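For reference, the structures are reproduced in the following blocks.
Two complexes follow with chain A in common, the first pairing it with chain B and the second with chain C.
Showing the complex of A and B:
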């Protein structure tokens, strides 16, 4: 078995070719069988034949872990005994309050920061000839994983004491200014959280710009022309025409970034592991699960994250339905 | 057209220059990182050949898997040294060792064990190994090659790697702790007999405006562990091996007077901008891979550091034993404990009970493999049949004579070896929090105690 797992070409063949063929054969055979049934009956059964596989997959991958996690959140560390709401009480007291405070900072600064920069990029890039090059530069970081981006920025933020050669890019640049001392970006309270949030903005900006740029290009030129004919300046056009027209896209960007802010983990774990008052709830969940080995508390945190994200999901669904209807 | 061609040529030249500059900078960074290694690997050496022969003898008559997976905490140059030893096993036994080194090993091994897919072998702390042994997840090595283990390691070290009378782990590199200094720049007491001499010297130098300590703490997810080891050294030399072991086993609370005093003495020395190079913030921010280079830099930015025997290897080629780097044993606060030393090592344990895992661990414990590892000049080894003369470095020879061959040295275990993953993580984070805010000491100790289950 281990030789099978080590055989990468074989795994690629199985995953990329074997599984799709298998799924195709199963669906084809099921559809044939459904087709052999009496007509009215086969018409009713056929959709469920096609849905059966995905429903089973969703039940296994989503539903079962969800139910299991909710049950475990009410249990002790080994998931052998119920403890009522103790884990949830723990999650909202003591050091966890500081952790939640950090997440609230992420929830505010990350979406707002990304939105503002994405709006500026989307609106301004639309007006210049070198839009493609500018968009490419903005989108490039999107291809980097959060972990790799964190490693890059760890070096960028690197700090050496004043008087020493600065090997971190940012400190090397700012110390070129006479009288400016290097900044310990990751060790200075509050500044370190903003420094981490900036990395998330840098990595997530590309997708936000793409969404907003597409929305900006979808605005009717007549609207803009009419506003200009009425004497509106650029800022007034943006405020009264552009922004209201792209509001649905703005909502998509904001809700996506809010969910990302709730579940941020990689950046914090790689760069500080929650030290220096940067801990976030997802990092704490990882710590409880893999270091402390407390399944109950880790599950409680997962449930809290899910409940916090649900309103955002519902807003998104409501928005999509409203757009579909209109 | 001519203008376009010229423009294109300028653009290409600019890109080429940028790429060359990037390559040069990358090369410099790689050079800096590579300076952490002083390994002298050679597959032509007699020690390597002996290790290959040993692997062949162990594998003889056994049906082994073509590969095994191993996870350890050593990466970079240190990880490469270990892989050089594993090459001998591959060549002799025909088993490829897929080694992964990560500082995040505790979480990685834990997640794989929880997923039911543990690595074949993992190089983990003794405390974490004990945790898995209690859950019945580790291979019993006594049953596999117990007599060889008894021949090659001292009874006390075997006892530290055992659970319920069964040996569960094998030691590779072994590290002790000492006070490193640069003879060229050091102004402190030579071979001091009391810890108070170190404290007095530190304060005297601080009064002159000279910070004397290098104390880098940044180790990614495990930031704070150098400080934790510093505190344990202070504790052992003041309170002795019995209380030290009790502390490690959780019988002595973290909130006890003794533990608090050890933290405070560490704080008086290191959590003080006047005493540590770069200030406390600089110490927290400095990565451990490069943060001790100041000891041998020209001019030196610090004069001393209390840390493990790996320091010269981390510093690199500028650490010339006897010339720019030397050591002495950590002096004791209580003279009764001057020969008590704590040590740092990990245990290689087996998760999969099969012939391949056992053969590999047997090879790692063998004298031939340990001699080859010793010859690679990275760490001392604990195998009693490895003579001090084998180490190319005079520093490692001296360490081997001082801490292993010397009969007066008593190796003791405490939190760094016995604490489980949760307590160790809380300890390391606690050191960082304490260094950030010394007034939070009580809260820090309470949070570490809360992690002790």
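Showing the complex of A and C:
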């Protein structure tokens, strides 16, 4: 049994070919059985035959754990006894306040940084002939894992004491300016958080540029020309025509980045593991779960993340309803 | 497309006849503006690419060079080696990690696509009680932080013996992405003309037959978009294998392996850079070759919020 579960080529064949064929056969068989039932009955059963797989997976991986985590967040370390709100009180005290502070910095700086750079790229790329090439270069990092991205940036941010050769790209560049000292990017408080946030911006910018760029191309040219006829300059056109037209896309970008900032884990885990006051909620949860083994506190942190994400959930549901109605 | 790529900054692209005379006024700034736009675009695009180039160059430089000078020195003083790759493959065991990552990502991608297509078909083409509630639930689950599911699932996995197994990772990644997958494919199937499905049903085609001969071929672009996004997500995922693959008898997937290498750093920077570069080659080739589908996936999944 253990050799079966370790056999990589076999696993790929079973998972990518075997299971889909099995699903197909089961669907075929159940479809036939449903077809034999009396007509009104079969119409009612059939959707659930099809939804069975997805619904079971969603229930098992998302819904049940969801409920269970909320319950566990009110329990002690081994989830055997209720402790009321103790875990939540703990979560807003002492060192956790620094951790939450860092997450708030992520929540502000990451969406704003991404949005500003993505707007510049989306608007300016649109004006050059080699847009596709430029776009490809900006999209490339979105294919890279946060882990590999962190490896790349450990080297970019590398620091040597002043006077010695700088082997990190950023420090080598800034020390070209006379009088500028190299910066220990990952050790300097506050600066290190921004340095980590920039890695996320580098990795995720492509998605934001794609969304905004599609919106920029959707702006009615007549509107832009009308504004120019009225004597509006470039900046005025951007402020009064371009930006309002792409506002829905901006909202999408911001909500996406807020969620990403909320659950950021990989970069902090790999780069600093929360040292030098860079810890974030998701990394703290990992520590509670695996270093401290406190299920209650780990769950409470997860619930806090969820509650923080709720406004975005409501925005999305609102958008979705508005769209399906129209 | 043809008009929007015109390199005209101050003056709008020449599209209408009525505005030719108004073009003259802004065009005074035109050459200056254009120069600046080109400069910003080029600097932007290049600086976004430089970190990847730095990774590649560092991966083929000698350990000693990397420790004493910046990667750009290789342009004036080139000395390249494949030794880091040999080290990464033989000492660090990157090959096994890449194999594990493939064994996670390929089935997770196929299964996500299959179940999302099935779910989206049922959701758009069959009527059932609770359809609206189900749709809203999917939208709500789109932004659920993965952390909310980890503690209970870890306990379930322990109980049924899924910890440390590759199918355990499939289960999580597929279940977690299905709401997004159904959501992405749903819009595409809903846009197919209803007459197609009516005539199929008049011809007596079963739902499975309709699914196979109409839905799958016509929704293929959307399914391809979903597949590439899920492959990238699965291949790049660190948190899931870190939580669920502990104590496994198979090599860790590449992300976990890389994170471990950064923290111990016993094989030196060279092997780390080689391992990191090998981990990004597959996703990079994929996103460049299948950029069309990736773009469609991003827009289809995002614009609807």
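Please note the rule applied: the second predicted complex is superposed on the first by the 321 of 326 C-alpha atoms of A that agree within 3 Å, B and C clash if a C-alpha of one lies under 4 Å from a C-alpha of the other, contacts with A are read in each partner's own complex, and residues count from 1 in each chain.
Here is the rule we use: contacts are C-beta pairs under 8 Å (C-beta built on N, C-alpha and C of every residue); 3 or more make two chains touch, one makes a residue touch a chain.
In this text the structure is predicted, and so the values were computed from the model without any measurement.
J.: For the three-chain arrangement built by superposition, which of chain B and chain C touches the greater number of chain A residues?
T.: C
J.: Kindly classify A:180 by the partners it touches after superposition: chain B alone (first), chain C alone (second), both, or neither?
T.: Once the two structures are laid over each other on A, A:180 reaches no partner at all.
J.: First (chain B), second (chain C), both or neither: which does A:292 touch?
T.: Once the two structures are laid over each other on A, A:292 reaches chain B alone.
J.: Touching A:205 in the superposition: chain B (first), chain C (second), both, neither?
T.: A:205 contacts chain C only, not chain B.
J.: Pick one for A:270: touches chain B only (first), chain C only (second), both, or neither.
T.: both
J.: Touching A:249, do we find chain B (first), chain C (second), both, or neither?
T.: So A:249 only meets chain C here.
J.: For A:147, is the partner it touches chain B (first), chain C (second), both, or none of the two (neither)?
T.: second
J.: Overlap the chain B and chain C contact sets on chain A and report the shared residues.
T.: Comparing the two interfaces on chain A, one with chain B and one with chain C, the shared residues are 2, 6, 269-270, 273, 286, 289.
J.: If we count contacts the way the header does, which residues on chain B are in touch with chain A in the complex?
T.: That would be residues 65-67, 98, 106-107, 110-111, 114, 220-224, 277-279, 281-282, 284-287, 301, 421-422, 425, 429, 432-433, 436, 447, 451, 453 of chain B.
J.: Which residues of chain A touch chain B in their complex?
T.: 2-3, 6, 77, 95, 158-161, 164, 184, 186-188, 269-270, 272-276, 286-287, 289-293
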